[in-house]
Every structure is written in structure tokens, then in C-alpha cells.
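In the two complexes that follow, chain A is the common piece, with chain B as its partner first and chain C second.
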Partner chain A sequence: MKMTKRLFGIFTIPAAVLIVVLAVSRIQGVALFATEGNWVSFFRSVANVMLVTLALSINLNSGRFDFSIGSVALLSSVISATISIQYQLPVGIMLLLSVVLGAVFGFLSGLVYVIVKLPPIIVGLAMALFYEGLAFAVTGGYGVSFVNNTELVGFPSVRNYSLIIVAALAAVILIFDYTKFGYNYKALLSGQKVSVHIGIREIPNTLICYGIAGALMGAQGFITATNTGTIQMTLNFGSIGAMFAAFLPMFIGGYIGRYINDKIGCLLGAVSMGLVSLAYVRMDVDSSVQQIISALLLVCFLIFLNNEQKFKNLVKQGR
Partner chain B sequence: MKKWRRLTAFLLTAAMVLMMACTVMAEAPEMDESETVKIGVLVSDTTSAEALAFRAYYEEYIQNQYNVNFMYSDELKDSAGEASAIDNFIANNCKAVISLSSFDRPAQIAQCSGAGVYYAVATGTLTDEEYEAAKTNEYYVGAIGPDLMTEYQTGYDMAKYFLDEGKTKFAIFGGAIPYYTDMHIYRAAGMLAAMCDVGEGSYKDATGMDIIGKIYEDGAVETGAIGNVEVVGYVGGYDMDDAWFGKCGEMAQTEGLEVILAVGNGSDFFGAAKGEGVQIASVDAYADSYKEAMEAGTLNYLAGKFSASIGPIFMATYSAVKGYPIRDAEGNALALSQGYWVADSAETFNTYYAVDSSKEEPAYTKEMLDGLFGSSYDDFAAFVSAYTFDEIQGLK
Partner chain C sequence: MELKSVMNRYGLKQKIFSIAPLFGLIALVVCFLAAATAKDLNIAYSMKNILNQSVVVAVIATGAIFIYTLGSFDISLGASACVSALVGGMVYNATGSVTLMFLTCVGVAVAIALINSVLASVFNLPVFVTTVAMLSVLNAVVLMLININGTGSQIAVPTDAVAGLNTTWFKLLVLVLFFAVCLFVFDFTKIGRLQKFLGGNPVCAKLSGINNKRLAIIAFVMSGIAVGLGSFLSITYAPTLTKNTASSVGMDVIISIVFGGMPVSGGARSRIYAAVVGAFSMTFLNQIMVMFNLNSGIGQMVKAVIFLIVVSLAMSNQRNKEILPR
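The block that comes next holds the complex of A and B.
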């Protein structure tokens, strides 16, 4: 593939989003990045969306729709925050704890899936209820508050969010593109039966996938918790909403992934959504309007993906 | 003749004794606790500090003091859920339903009365039209909670507190205003009305209670100057997504902002407002997270419901189940307003919180509630209207 075509494929969507967002904000007379707080907000959004997108896509690419990832983020952040407050641990340890606990809870979700052999959607829903209930029980329903802990609530910054983005992305690329596990994962994606016949062990691969997705959600839970200094409880599938923000960036990531590493595609998808999110903030867009715009963007992009060749033909005919 | 006199005297004395006995019985009806009374509790919120505190009071105090068993619904999301939960209560032989869910109260009342189950509203009130329709229904016990005027006054007092301190730059967190939740709209209107009074201006050409209509028109609060006071920021809703948190952060960091007035749970601003020197005021409940925030100086004012505030409505319901309904002279059900405890310092907060979170000696103890069993409407109303911390402590 030609370099220009690759660059075009990689940067068209984020660049187009940036141009549109800048143009609209200029018309509205609003500067997109007016304060440091705007930068922090943008990077937090990118980090959040990228982590959820990666966590969701790891299993979804293999046909496993895991509804429990939001509850994994909730439970891991609740336990890590509780331990960190009790033992006055530094913020780095809380992040590490959250990631490790997320990996454990993700692994457990996977274990239940491979043991009970029910459809992953059902197992995901069951685990979501279980983890939400567990988080509720651990805190007595009162959630966790650490507003007095200046170190923990002082975490949000462009530098810290950038570090998380880079570390998570590097780890995921390393694991999925440069290890035997990653090769097996890709082999299973392209042909499950054949891969199993040639000796690739599907169950351990699945469990590790769930574990990695959980670790990513542990980091996401940590970001959400340190943003407000409080973790509020949710029940009855309230944690599921977290994953819906990841669909559009996941599809964008998949498209960009044709031209570059698909994980970087997810990052660029998250950057695009981060820009849109910041535009909502800066232009004070009503939440109902936000939902309409986000839904339209998703539908339009899916229409484009499903009719890509037709669009290309139309462009060729136009020439 | 003497015989007749004696007989007459005897009959008169007997009649007087009988009347006295009846009077004594009427004044102090006997509380028969031989049978366990099952009471269903409808809840639309199971995770907020307020909901948890209410539940703890019923399950960890009231249930230990009286022969009652509370059966809670799951978190309800609509009126269909309420109907299903009430069906479940009826099937489980609940004698009464106490509702903390308000999707469709007339339907709840109709369903309960149709099944011969008593129904009461806790921490809320019916609209005037709803009350007119239900007040003589024998199964409708009544409602106790902050009425909309109390909500308006709560918002007014909150803003006035900071205006009196000389603050002029405010931001308002509108909570459920975009969803047209009455109590949040009234609280916000009260805040703006106080700003109009002190700032000597108007909000969209309206002052006082006329502001309520302006908020209903927009489903939001408009930023801008109100005389020499200014609303510099506004965020509504509970979207909890990146854009919403971004808006909260942006609002908390608005240049010159002095105070964030939250019509509902304001804890999501604690992190965003840190280090900005911004004061926060909130309407919610006395909970551990607010205690920490008060002690840290992050939260500066709380108008909070106290968990035992749902004690009187329990006793009214229990009394009705036991055959002693509390009605006014016209036979109408209870319709009483009850306000908030206001803390403006960590010391006050901790004093209130110690009582509110106590499971041994809560704000309303068994001894106090027993006095309401089968009481007159006026006595009951007088008890409920003395809701401030000092008034309640004075009753002990």
C-alpha cells in the first residue's frame, strides 16, 4: 500500500473530526482548548474511551460480548481505593492494585464462561450483577470517598493520563502482536476450528483475554474514581452503560486498523471521540442533543462501512 | 325513693367510670404486638446515601423495636415496576406499603386500596389534585415529607447563606432539572429568588416564585447576571459520561467562581473543585462521604434529610394497620411537611451525623414514636412539625 494512501486512511477520520469541531467551535466563538482543565478533560476522555474500547474489542473480536467489564472497573476500583485509604498507600500502588484486581475479576468472568459454557452475553450479564452486588456489599452500599486524600484526588493531569495511555497501549501491542499468545489469539480469530486442530489451546487463550480486558478496566475504574474522589454504587446493570461509549471508537479503530496497528486505530478512535466530547463541554451541548449526535455519528459510520464500495464507486464515477 | 336515688347515683357513677375508661382507652390505645406486621417498601433508588440511611433506620432500628418485617422492592425504574412490586407485596401478605417511589402515585394508591392494603408516602408529598382524590380513601394513610414550598425555601436559605457572606459568583448544579423533577426545580428557583432579592435584580424578568415557571419553560437554569450577583455556570443531569464530567470540571474551574450550589447530590464536584477555593453547598442526606468532605472543607453547607424522618410515617401506617388510623376532623388522611437539618460547619455536621447514624438512640426513638400510636391528627402534626435537630432533641 502506498504511504500516502496509508496516511490518508490513518488520519482522515481524526483530522476530519478535528476540523469539524474546530470550525463549529469557532462559529460558536468558543476556544476548544482554552484552559489547562480542557486539556485534562480531553486526555481523561481519551484514556477512558481507549481503555474501554480495547477491553471491549479484545473479546468482541472473538465473538464474546462481555457485559461485565463496567462492573469489573467498579469492583476493582472500590477494593483498591478501600485498601489504599486504609493503609495510606501512594496513588501508584492504588493504580497497580486496581489493574491487578481488574485482571483477577476479568479472569474469573472468563473462568465462569468456560466452565458453564453458556453464551458469553448471559455469563457477562450474570457476572455484572454479581460484581455490582459484591461492590455494594463491600462498601455497605455507601461507596468509597477519599476527597480528603490530596494525593489520590490530585492524580488527574495531562501527564498522568498520557502515561496511562502510552503504558496501556504499549502493553496491549506487546502482548497481542509480539508474543505467542498474541499469535494464537490472531489464529483463533481467523479460523477457530483449524487453530484448535493444529494444537492452539483455546481455553487458556480465552481466559487470558478476559484477564487482560479486566486489567484495562481496572485502570479505567481507577481514572473514574480519582476524577471525583468518590465511587458511587450502582446496581441492576447500572455499570453496563460504561461500555456503550466504546462502540463508535471501536468501529473507527477497526477501520483505521486496515492501515496501521488496530490498537493504534483504537487510540485514534478514542482521540476522535475525545474531541467530540470536549466540543460538547466547551459548547455546553445539552445531553439529549449529545445523544442524538452520537447516535447519528454511529449510524452514519456503520452505513459508510457497510456501503464502502458503493461510496468508492460513486467517487470514481464522479471523477 | 331512696332506692331510686341510689340506683340513679350508681348508674351515673358507673356511666362516668365507663366514660373515663373509654376516654383513657381512646387516649392510649393498646398496641397489640402479638402478630408480625409485614410492610412493603417501594424504592426507586437503592444506592444513594439517603436511600441507604432510610433503609438502615427501618431495618436496623424500627424492625428491632416493633414486631414488623420490612420487605423492600428492587430498584424501580417506572410505574410498571411499581405495580409489579406492589403485586409482589400483596402476594407476600404485606398489610401496608410505604412508598419512596413516585412514578405513578395515584396508581399505587388505587392498587393498594383495591387489595385492602394501607398505603403511605414517605419523604414526599402528593400534588394537591392527587391529595384531593385520595384524602378520604380509608387505605390511604397520608404523606410526610418536604413539600414543594419547603424545597423552594431550602434553596432560598442555601443561597441566602452565602449571599450574606458577601459571595456574588455562583454556579448551580441542577441535578434532575432536565428531567423536570419538581423538587429540584423548586430548590433552584429558591436559590435564584434569593439572588434576585439580595442582588436587586431579576432572573429572566422574574423574581420570587415566578422563577419556577421560567425554569419549567427551559428545563435548565440560564447563566448571567442577576443584579450585582452572577450565575457563572450551570450543569444539569446525571449523565456520568466524559462530557458530563468535563462540564462539571469546567464549571468548578470557572474564573471567579465562589460557590457551587447543588440542588441534589453534589459529591461529584468534590474532586473537580479541589484546590480551586470554591465552596460547595448540597442538598442530600447525612452520610459518611459528606462527613469527610465537611471535615476537609470541600463541602461547606448541607441541607440534609435525617434518616429517622421516616419514623412518623411508619408509626402512622402501623397505627392504621392496628385499627387506629390518624385522621383530621373531616376524616382526611395525613398531609404534613417536614424540612431538612442544615449544617454549615464540620462541628454541626458531626453532631447531627452522630445522632442520625445511631442505631441505639436515633433522632426518633421508639419511646417518641409510641406516643404517636393512635394519636390525634393535631398531636401528630405538632410532633412532625418540630423537625429541627434542637426541637427533636428537646423532646427526648
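The block that comes next holds the complex of A and C.
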């Protein structure tokens, strides 16, 4: 593939989003990155969306829809925050705890899946119910608050979020693109039955996938918790909403992934969404309007993706 | 040994496991009655409560079976019920007509379902993602409707207007009639058979000349009618409508359908009764936990475990030993 075509494919969407967002904000008389807080907000949004997108896509690419990832983020952040407050641990340890606990809870979800051998949607629903219930029981329903703990709520900064983004992305690329596990993952992804027949062990591969997705969600739960200093409880699948924001960046990542590593595609998808989110905040867009615009963007992009060839044919006919 | 071979020959084991959810419901009813008797509760009143809590989910889930049979998944049903109820409430407040309110509820729900189905079938979009987008739009519409037309944070229909319909018999009648219609369409017409065929093997169905777009639209319309009926029943039970009206219905429907033994992949094993069995099972389970004063969190954990056990039993004859299900 020609380099110019490749660069065009990689940067068209993020660049187009940036141009549109800058143009609209200029018309509105608003500077997008006016303060340091705007930069922090942008990087937080990118980190959050990228982590959820990677966690969701690891299993979804293999046809496993895991509804429990939001509850893994909730539970791991609740327990890590509770321990950190009780033992006055530094924020770095809280992050580490959250990631490790996320990996453990993700692994447990995977373990239940491989034991009961039910469709992943069903197991995901059951585990979401279970983890939400556990988080509720651990905190007595009151949630966790550490607003006055300057050590823990002092985490948000461009540097810290950038470190998380780089570390998570590097780890995922390394694991999935440069290890035997990653090669096996790709083989199972493209031909499950054949891969199993040639001796690839599906169960350990699946468990590691769930563990990695859980670790990423642990980091995401930590970012959300340290942003506000509070973790609110939710029951009856309230945690599921966390993953809906990841669909559009995941599809954008999939599109960009044709021209570059698909994980970097997810990052660029997250950057695009981060710009849109910042624009909403800076232009004080009502939350209802935000939801409608985001949904329309998702539908329009999906219509384009699923009918790409038809659009290309139409353009050719037009010429 | 002989018993085993007889069971295998007649597929008895398979049949027994397939009705495990029904046994689950019977066991839950027995547990509930035993606990209620031991705690000296008013059983008639409790049963009425259970019906009130189950009927909306049972009706909506019965309609949703048509979508699930195709191997699809609609997560926007709860939000759709909320929008339909709010618009229905506004129409009542403007006209004073319960009939118009009912027709509006059904009309709005069917219109929403049609938008979903057209997006999914005409533009070849994945149904689940389409309904995720629709969920966002509908949640936003709910807030807008309440802000524009409500008093504070609600739209209220006068209680007197719907009091005559808030009876056990009316709700049972709606459920039984709708279930009968769905049962007929699902099990005794060409539409139902084709839907099971399409859900079971979409490639083969397409090669056989089956119009999958038409069937998808029919499935969504059936589901839309169910959502409309469910939203109308919601108004009769709780005429003060807020953004939380029917908020949990979307996920309750999914849980109920699966709990009732419906395979998420759809196809020939789909059963129309799964929705009703699942909806009532979940309500009985919730009531039992309330009776034992289980903390909400622990109660939900117990619910998750029971859900997993029942579904495991119901689907134990559908497992592939070679590879993991997807």
C-alpha cells in the first residue's frame, strides 16, 4: 500500500474531527484548550475511552460479548480505594492494586465462562450482577469517598494520564502482536475450530484475554475514581453503560486498523472521541443533545462501514 | 443402564433439561408459598404484587422473543417503553382520552421499533449496536420530553383516569391475549417457522430465498406492539411518569428471556413461553429475597448465582465439548 494512501487512512478521521471541532468552537467563540484543566480533561477522556475500547475489543473481536467489564472496573476500584484509604497507601500502589484486582476479577469471569460453557453474553450478565452486588455489599451501599485525601485525588494530570495511555498501549501491543499467546489469539479469532484441532489451547488463551481485559478495566476504574474522589454504587446492570461509549471508537479503530496496528487505531479513535467530548464541555452542550449527537455519529459511521463498497460504486458512477 | 438408553432413544434427557426453567419456576413458587406461610404474610396480596411487577416485563419479553429468535438482541426496549409511556401520558393530558393514550403508546413503540429494524435490515447494521445507539437517543428524548412538557421532573396522568384499568383481571387479560396471539404467530404460522429457520441458519435461509429483511421488520413490529402494551400497563400501575419509568425493563427483559430457557443464538430451540416463565421466576426470586431481608448487594449476588445455575441446567444439552461457545 502506498505511504500516502496509508497516511490518509490513518489520519483522515482524527484530523477531520479536529478540524470540525475547532471550526465549530471558533464560530461559538470558545477556545478548545484554554486552560490546563482542559488538557487534563482531554487526556483523561482519551485514557478512559482507550482503556474501555481495548478491553471491550479484546473479547468482542473473538465473538465474546462481555457485559461484566464495567462491573470489574467498579469492583476493583472500590476494593483498591478502600484498602488505600485504610492503610494510607500512595496513589501509585492504588493504581497497581486496581489493575491487579481487575485482572483477577476478569480472570474469574473467564473462569466461570470456560467452566459453565454458556454463551459469553449470559456469563457476562451473571458476572455483572454478581460484581455489582459484591461492590454494594463491600461498601454497605454507601460507595467510597476520598475527596479529602490529597494524595489520591492529586493523580489527575496530563503527565500521569499520558503515562497510563503509553503503558497500556505498549503492553497490549507487545502481548497481542509479539508473543506466542498473541499469535494463538489471532489464530483462534480467525478460525476457532481449526485452531483447536491443530493443538492451540483455547481455554488458557481465553482466560488470559479475560484477565488482560480486566486489568485494563481496573486502570479505567482507578482513573474514574481518582477524578472525582468518589465511587458511587450501582445495581441492576447500572455498570453496563460504561462500555457503550466504547463502540464508536472501537469501530473507528477497526477502520484505521486497516492501515496501521489496530490498537493504535483504537487510540486514534479515543483521541477523536476525546476531542468531541472536550468540545461538548467547552461549548456547554446539553447532555441530551450530546447523547443524540454521539448516537447519530455512531449510526452514520456504521452505515458508512457496512455499505462502503456501495458508496464507492456510487462515487465511481458519479465520475 | 436400561433407563439411560431409553432416555437417549426418546430424547427424554433433552426434553427434561429443556423444561428445567419451568421446574425452576415451580420450585420458586413453592419456596415463596412456604416462606410466606411461615412468615404469616397475606398471600393473596403478595401474589397481586408479583403479578403487578411481572406483567410489564412478561408482555414486553414475549414480544421480544421474536427478535431473539433471529439471533438478534435489542437493548433499547426499556427506554422505548419509557418514551412511549411519556408521549402517551402527554396525549392523555391534551385530549383526556384513554383510548388515544393507548393507541399513542402502541404507535410510538412500533415507530421506534420500525426505525431500529429499517436501520438494521436496510443498511445492514448489527442489530445490537443499532439498539445501543437507539438507547442513547431515547434516553435523551426522555429528558427532553420531561423538561418540555412535565411539571418539575414528571408527567402525571390523573390516577382516576386509569384506576379502572389498574386491576389484576385487566392485566391478566392483556397478558393472556397477547401471549395467545404471539403463540399462534410463533408456533402455528409460516412467519414463526421462517423466523426459527432464519435464526438457526441464516445462510441456508437466505439461500432458500427467505426474505430476511421482511422477517426482521415483522419481529421488530411484534416487539414494538409488546412495548406499547407494556408502557400502557405501566401507566395504569404508576401514572406519575418520570425518567425512571420502566428504566429497569430493558435488562429485566434480557434476563427473563434467558432465565426462561431461551437460547441467545435463537433458532429452532426458541420457545415463546420462555419470556413469561422467566419474568415470573425473576419476580418470585426477588420477593423471596425481600422476605429474607437479604441486603440488596447480597441479594443480587444470590440472584446471579441462581440465574447461572438455572440457565446452565436448561442449556446443558446444547454444549459443544470441542470449542467454547461464542
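Just so we're on the same page, the second predicted complex is superposed on the first by the 316 of 319 C-alpha atoms of A that agree within 3 Å, B and C clash if a C-alpha of one lies under 4 Å from a C-alpha of the other, contacts with A are read in each partner's own complex, and residues count from 1 in each chain.
We take it that contacts are C-beta pairs under 8 Å (C-beta built on N, C-alpha and C of every residue); 3 or more make two chains touch, one makes a residue touch a chain.
Keep in mind that what you see is a predicted model, and the values were worked out from it rather than measured.
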item	value
Simultaneous placement of chain C and chain B on chain A, clash or fit	clash
Which of chain B and chain C A:Asn227 touches, first, second, both or neither	first
First (chain B), second (chain C), both or neither touched by A:Ser277	first
First, second, both or neither for A:Ser287, with chain B first and chain C second	both
Chain B versus chain C as contact partner of A:Leu235, first or second or both or neither	both
First (chain B), second (chain C), both or neither touched by A:Ala215	neither
First (chain B), second (chain C), both or neither touched by A:Val116	second
Touched partner set for A:Gly141, first chain B, second chain C, both or neither	both
Chain B versus chain C as contact partner of A:Leu32, first or second or both or neither	neither
Identified clashing stretch of chain C versus chain B [41-49, 203-211 or 221-229]	41-49
Overlap of chain C and chain B interfaces on chain A (superposed complexes)	136, 141, 235-236, 287-288, 290
Residues of chain A defined as touching chain C within the complex	62-65, 112-114, 116-123, 125-127, 129-130, 132-138, 141, 192-193, 196, 202-203, 206, 235-237, 240, 244, 247, 287-292, 294-296, 298-299, 302-303, 306-307
For the chain C and chain A complex, residues of the former touching the latter	73, 119, 123-126, 128-130, 132-137, 139-141, 143-144, 248, 251, 254-255, 258, 264-265, 295-305, 307-308, 311-312, 315, 319-320, 322-326
Complex interface listing, chain B residues touching chain A	46-47, 49, 52, 74-75, 178, 220, 236-237, 239-247, 249-250, 253, 267-272, 274-275, 287-289, 292-293, 295-296, 298
For the chain A and chain B complex, residues of the former touching the latter	35, 37-38, 40-41, 44-45, 48-49, 136, 140-143, 145-148, 150, 153-154, 156, 226-230, 232-236, 238, 241, 245, 274, 277-278, 280-282, 284-288, 290
